[in-house]
Amino acid sequence: MTNTRPTGDVATAFALISGATVLGGIALALRKPNAPADRAQTTVRSARRLNRAAGTLAASVLVDSAIEHYRGNFHNKAMITPLVTASLSLAASLHGTADGRGEAHIIRDLIYAGAGLTGLVGTGFHIYNISKKPGRLSWQNLFYSAPLGAPAAISLSGMLGFLSERLRDNPPNKPPTILGIPAGRIIGAMTSLGLMGTVGESGLLHFRGAYHNPAMYLPVTMPPVAAALLGASALGKSHTHRPITRWWLRATALLGFAGTAFHAAGVGRSMGGWKNWRQNLVDGPPIPAPPSFTGLALAGLAALALLEDHPDD
Amino acid sequence: MTDRFPGYDVLAKRRTPSWNEPTRQVVNRRLAVPREPRFLTSDLFVVLDAVCQRIVPQPKDRPPVPLAALVDTKLFTNLQDGFRYAEMPDQGEAWRRGLAALDEAANTHYQLGFAKLGGEQQDDVLRRMESGELAGGALGDMPAKLFFEHRVVLDIVTFYYANPTAWSEMGYGGPASPRGYVRIGLDRRDPWEAAEAYEGDDAKARRENGFVG
Amino acid sequence: MSADPFLADPFVEPRAINGRAPDVFKPGAWLEMSQYDDNDEVDFVVVGTGAGGGPLIARLAEQGFSVVGFDAGAYFRPLEDFASDEIEQQKLYWLDERIIDGANPIRMGGKNSGKAVGGSTVHFAMVSLRFRPEWFKSRSQLGYGADWPLDWREMWDYYRRAEKALSISGPVNYPWGPHRPRYPYRAHELNGAAEILARGAEAMGYKWTATPLATVSAPHGDSPPCVYRGFCRFGCSTNAKQSQLVTFIPRGIAAGAEIRDLAMVGRIDTGPDGRATGVHYHRQGRWRFQKARNIIVAGYAIETPRLLLASANDRYPDGLANSSGLVGKNLMTQANQAVFGVMDQEVRWNKGPPSLSITEHWNYNDNKDFHGGYCWMAQGPLPVEWASIVTGSRKRWGAPLREEMMRYNHQVGLKMVGEMLPDERNRVTLTDEVDQYGLRIPRITYSWGENDKALIQHALGEMHRSMELVGAKDIFRQEDDTNHLAGTAKMGSDARDSVVNADCRSWDIPNLWICDGSIFPTTGGVNPSLTITAISLRTADRIKALANRGEL
């Protein structure tokens, strides 16, 4: 029979994705410990980490907005924009992650600025879209109309990338600053805010899903703690060692991947399972969304390293 | 009648997740209904067939729906409605009397059997029944109007719109399980739904309708 | 398909036999089920497994009573048995012959009567609304109909329990009436038809909301979320719909209740002391007799009085529980008129549950010159039903019919659910014709009163205006439709003018209970099933309390 829920598919998908998550986790955990040789190196290393964070976010946005706007039939030509900017941001981030040079790159800069702007304009579009719906700013529209928070993710990617470029702008052998503020602090603070925004978005969508599975509380409990710890680090003393913050951020990064696994399982248990992917991939829980937490947690880790490497008080 | 959904065939989805096994079986059975009468006499069946052609004239370019056979099968299997107007006999009896009455009226007004009349004349006889003008004779005490509205039109039309030919011509998505619909808002179409041709842009609709399967 | 004939055809042989019942969530799987002997005097026999019977079967079994639930219908496995087809799925309906008459005969069958384990909830449209508090006291507070012997505040709590048990997906804030707790699941996305209703309501300055529905918007247990296939009234093949078949019935079986499918109860016997002793039922080709200490009748507003009347004996010559003479009387249906039109946009109203949005406006604004309330909801008839509306209301046939049907994807409509007033002349009686079991078939007599007509015209006018305001073209009215049933065994506080008391216990026979849509003294202006379910949950609690006091 083809009309039953293929539990086999669920299991396979779950196994594959959990496997990938575990591998990713191990890879992250086994990364070389930060033992900076000289200070210029640490700054560039942090910048590269930020590029990586920006890239993770961009990848998440790319796939997520592709699916969401495909659902919307790309009925407005502008709906292609986030795909283009997210792809560019992803490319710039890959380039930046590989780039060991200590200076900003004009193309990357432009792309990141563009991504930041796209997010803002996108938010505007989405607000406009909601304002035309009956019910205006109601729960119904927050749940099902163009998501208000989603475009902000591409802005966040742009912001992280932009901060990365500013980091590279710093002269070697001096504690890096951005706009005159110690870089670790500003990056930590911005990332903390970004985390809270993302929590808001996932809180809204999980509320829409009635928190039907207790695991749905994780993304609204773990990341806020991470944001708080990171925020405290960004505003507090800089040369304290912060193992709890670090581990919490790492756990949050893993949570992003785990979310993807959970969402994939959710798609599998929807009616028709993976055989009905044309419906369930779009209507089911968004598989590409959760790694935005990973991206932000990675940025948080970079900020933490900067704070520890360059105490400013 | 212009085809608003050129190239759309709901049967193209038969093997997709839009159709489950029970649906395939049900529709197959319906399409394979025996074309010979099993309940009505062949004389009355000929009248029924003529009536069906007037109640639902079928499209030339899509597979015809065996309406008379489907109605006869309903009577043969005694698939009931769940109610009967107090003035009406049971459905089989009602159809027997009603068809005979149409033949009778055709003979009275045109001196020919109903099936032999031209379309206009058949419509005229049907309208006499619809208005309640026919009475007595083969009808007995059955009210003509009620028979026309609740047997003739409903039974025939019901079976027409329970067929892929009708679903296709009206651009209806058709069976939908396990796959239902994703894009449910105004002016939104899932790729497995019929595309409508606007302002003569048939080609685009036809192209899109090629991909519903 | 499986070679197992039991799987292939739910009508050939009962499925709930040999100590097992179908597991509706897993193809081919079975649940272990208790089984009682006909000679076991079980604590409760429940006749009917729908909105009224289902919750009682589960709750009584959970409270430790021995329970057998009978249903004349089949035990379906939605994942395996349900086709996406309007005609095939008539197998869910009560299609046995019933005679209809009166000035406005009620068309029976799919419109209002189910025949399946799970009752009409297997094919209902899932709209799950609470009564307006005043409706429980419409005689004393609003000046029409009759008072219920129930307090709305107590009902508010049972509504909450019913909503929880059925995992209702509803709006975060419901705009009318006293505060209610948050629905267990969030409302569904609006489809095009529902958005049109919302736009129309806003243009008129009325509130609207997403409709609370008994289909889940996110996974629940073994139910996947709704896939918006729109065949809800023909059975939900995904189990997203929280019918009795997938909620209380499995709960009851897990708690030790027995379900007997394809088991038609034809008569209730009473003993020398006047108490009910058991039921005669037809199953597997023969008549049997199940002994019982208590009998609960939950066959809905036609079959319940039919059974009570058919059980007349020397001691109760007018039928059981009928000393008031009201069994079968005060039948009510609800006005279900509609206004339809055509939009420039593609609406494709067949997508999603049919009634995704609602306005209850008129129930909360009483400056009108008739009694009773109504609401209206978005619509999404499938082709066969739509064709019957177009032929019925516009008298179309021939080429004009086909032409009109081609606009299907642009069609939109609003449909009311309106309160009709109780009238003793509207009733169920027995004819001398018999059905396939040899049981006398019912005659259903119905005529609208002046108030009913005034309410209908008011609603049609309002809906018409709403359609005009959203720019619909070629607007027409469907004037003759009705849907839900109620009445015929009314609840009250006085044995002289009601059949059962507030606990759904018959005044005349203390171990005979009636708990389904037939006990409604008035029908209210919203869909009834949530109220039936809430009352059923309350009755289960009351039975427990009475049992504890030795008063059963």
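Should a chain be cited, it is by its letter among A, B and C, assigned in written order, with residues numbered from 1 in that chain.
Here is the rule we use: a contact is a pair of C-beta atoms (placed from the backbone, for glycine too) under 8 Å apart; a residue touches a chain by one contact, two chains touch by 3 or more.
On a predicted model such as this, the values are computed, not experimentally measured, just so you know.
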* Asked: Quick check: more C-beta contact pairs in A-C or A-B?
  -> A-C
* Give me the ID of the chain with the smallest distance between its Cα centroid and the all-protein Cα centroid. => C
* Asked: Using each chain's Cα centroid, which is most distant from the centroid of chain B?
  -> A
* **chain B and chain C, separation of their C-alpha mean positions in angstrom** => 30
* Computed distance of Cα centres, chain C from chain A, in Å -> 48
* Asked: How many Å are there between the centre of chain A and the centre of chain B, using C-alpha atoms for each centre?
  -> 56
* Structure fact -> By the touch definition above, chain A meets two or more other chains at residues 1, 3, 5, 271-272, 276, 279, 283
* To do: Send over the residues of chain C in touch with two or more other chains.
  => 1, 80, 189-190, 195, 227, 237-238
* Spell out, as numbers or ranges, the residues of chain B touching 2 or more other chains. => 20-22, 177-182, 187-189
* Asked: Where on chain C is chain B touching in the complex?
  -> 1, 80-88, 90, 93-101, 105-110, 113, 189-192, 195-196, 226-231, 237-238, 343, 345-348, 350-352, 382-384, 386-388, 391-392, 395, 397-399, 401-403, 405-406, 408-409, 443-444
* Residue ranges of chain B touching chain A (in the complex, touch as defined) -> 17, 20-22, 177-183, 187-189, 191-192
* Asked: Given the complex with chain A, which residues does chain C contribute to the contact?
  -> 1, 27, 79-80, 171-173, 184-187, 189-190, 195, 198-199, 201-202, 208, 210, 217-220, 224-225, 227, 237-238, 240
* Structure fact -> Residue set of chain B touching chain C in the complex reads 1, 4, 18-23, 25-27, 30, 54-57, 59, 79-87, 90, 123, 126, 130, 149, 153-154, 157-162, 166-167, 169-182, 184-189, 193-194, 196
* **Complex contacts: residues of chain A adjacent to chain B** => 1-3, 5, 71-73, 75, 271-272, 275-276, 278-279, 282-283
